């Protein structure tokens, strides 16, 4: 057997093990494949993390003070194993949280707020695009009003509620578009894998799996 | 030593770090410190990942030593796979390449059960009972078909699907994006005021 | 029929339908759409001696979704390097799931044959996994070499010729992000800056990316399967995506049929209750 054929057999075996969930739910074959996945993912992740720590810490040998600071901060996270030093272990996490929040804010102001409000125009190059642009502005404004719960829906004689319902209509369409996009993306993986089950040499494994399932259905029906 | 254990120190570090980053972004003051802080985070994250792995392995070793059946057999599979793959990565590269091609790839791709749960969800729950569900389903079907292989072969379908994405969908997403951006800023203000302390293992203050 | 077998039978029908186009000559003609031409032109029209950064944030499970357009993009770039239009490409990954996304990056590299086609160091390089996710993204904007330090094989970035003159991410001429999740994070850190920003993603992400696309922060978007099949047609080779596109179409009709059956069951059940 060639290397590609051996690989195809392994693909078929693991596909049958994982897809056994579709027939029996949580079963030993699925649990085994799940734990193999986790074990492999953890080992790759552990090695890469360890290698990165060594790479970033090695400049200490050449007198890089920043590398020393980074390593000390990283080692401080390990102080969480002792109750007496638990609070000190939160200092590097406070740095991570502070940096994370600040860069989140930094990125929100420009791309998420200003560019979305400044860039959009009321008019277009023709009648249709002008109507589209006005529709976009109406729906954006009404949807923002929909999500502001500080003002009650029946305020200003019910106007707030009516405007919010326009936004809700557009949100429903957006949700439908999301669902439709979900349809498109859901089966690509399964399509790519199903080929291994129905072509040589995977169909031998599929045949064995089919016999086992038929026998199990027959056995269940006799109970 | 007791002063070092005060929670306020973590909070002050959080505020200082955030202020340095934002000051560097908007005024260019402290740009070097800001850059070094961000690199420090990439190092701290690595240690937390190693910590996470330690916790996970510890948990599974615990299950095995306490002989909790049947979980102990699955934990054994996990630990053996972890050790064997780690050993191959460090000591035997061809073995690691073999595991990568013949075990890692198929099992990582197949474990996701891509899309089958969608079938069950639609079969049990996709009922068009009112105008909301009708609009959702109609727009879903139009977008799905317009962006599939037949979309370009039926121009009105393609144009409608494109319009649905470019106008109603885009406008709703724009509103959500603006509000999400505002939410990030509000979260930051809550962090400054000490109301968000999840990084210290506490729940929100108010 | 027992109700617990209903789902299994649906799954079995789905599996058979999925495999049909790959084992029969069933196929749908692929027409190239304007969006695919926009993505193709965005890469073709990059300035002379451009250096591209390709971010492969997706795991092995996305091999059939975002892996295929990533391979097609790399093949396109290889062709442009051979024609002398582009200087080269730098490949990396900041995947938040951690280094477990590395094998997918390695698979894209091997399937596109970049190691055989281009010279490592002068025409391409692989920086591997960079920890820190959003912090690393922000850090790369300030100091690329300080954040990454060494490539995946342990070579210092200062010794890699293709990175000469690259101080921060904005020194690249084009940034292409292959996405699995967290669209907002990449967009808010990297989009709207000097480099041309391109996105490779699922169709679901495209619906979320529309505000950024329409405001010009994202230049072009490449989605999986159907659009990738069009891209492969433009590039002149037949990849996996054409067969995947036919399966995808068959599954759309299957899902629509399920929705119709589910709705019919509901209304028939309600009528029976009313009677």
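In this document, chain identifiers A, B and C correspond to the written order of the chains, with residue numbering beginning at 1 in each.
Throughout what follows, contacts are C-beta pairs under 8 Å (C-beta built on N, C-alpha and C of every residue); 3 or more make two chains touch, one makes a residue touch a chain.
These numbers come from a predicted model, not from an experiment.
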Intersection of contact sets, subunit A vs subunit C, gives B
Counting C-beta pairs in contact, which chain pair ranks first? A-B
Rounded Å distance, subunit B centre to subunit C centre (Cα mean): 17
Take the average of all CA coordinates in subunit A, do the same for subunit B, and state the distance between these two points in whole angstrom. 5
Per-residue overlap in subunit B, given as positions that touch at least 2 other chains: 21, 38-39, 41-43, 45-46, 49, 104-105, 108-109, 111-112, 114-116, 118, 137, 141, 143-144, 147-148, 165-166, 169-170, 173-174, 177, 180
Out of subunit A, which residues touch more than one other chain, so two or more? 19, 22, 41, 44-45, 47, 49, 52, 56, 96, 99-100, 103-104, 106, 108, 112, 116, 120, 174, 177-178, 181-184, 186-190, 192
Can you tell me which residues of subunit C touch two or more of the remaining chains? 7, 11, 14, 61, 63-64, 98, 103, 131, 135, 138, 184, 203, 206-208, 211-212, 214, 226, 248, 251-252, 255
Within the complex, subunit B is touched by subunit C residues 6-7, 10-11, 14, 28-33, 59-61, 63-64, 98, 103, 106-107, 130-133, 135-136, 138-139, 142-143, 146-147, 184, 203, 206-208, 210-212, 214, 223, 226, 229, 245-246, 248-249, 251-252, 255-256, 258-259, 261-263, 265-266
Would you tell me which residues of subunit B are touching subunit A in their complex? 1, 4-7, 9-11, 13-22, 25, 36-51, 53, 56-57, 70, 74-75, 77-83, 85-86, 89-90, 99, 101-116, 118, 132, 135-144, 147-148, 163-182, 184-185, 187-188, 191, 198-201
Using the touch rule from the top, collect the residues of subunit B that touch subunit C in their complex. 21, 31, 34-35, 38-39, 41-43, 45-46, 49, 100, 104-105, 108-109, 111-112, 114-116, 118-120, 122-129, 137, 141, 143-145, 147-153, 158, 165-166, 169-170, 173-174, 177, 180
Residue positions on subunit A within touch of subunit B in the complex are 6-7, 10-11, 13-15, 17-19, 21-22, 28, 31-47, 49-50, 52-53, 56-57, 66, 69-71, 73-75, 77-78, 80, 84, 87-88, 90-106, 108-109, 112-113, 116-117, 120, 132, 135-137, 139-140, 143-144, 147, 167, 169-184, 186-190, 192-193, 196
Spell out the part of subunit A that touches subunit C in their complex, as residue ranges. 19, 22-23, 41, 44-45, 47-49, 52, 55-56, 96, 99-100, 103-104, 106-108, 110-112, 115-116, 119-120, 174, 177-178, 181-192, 194-195, 197-199, 217
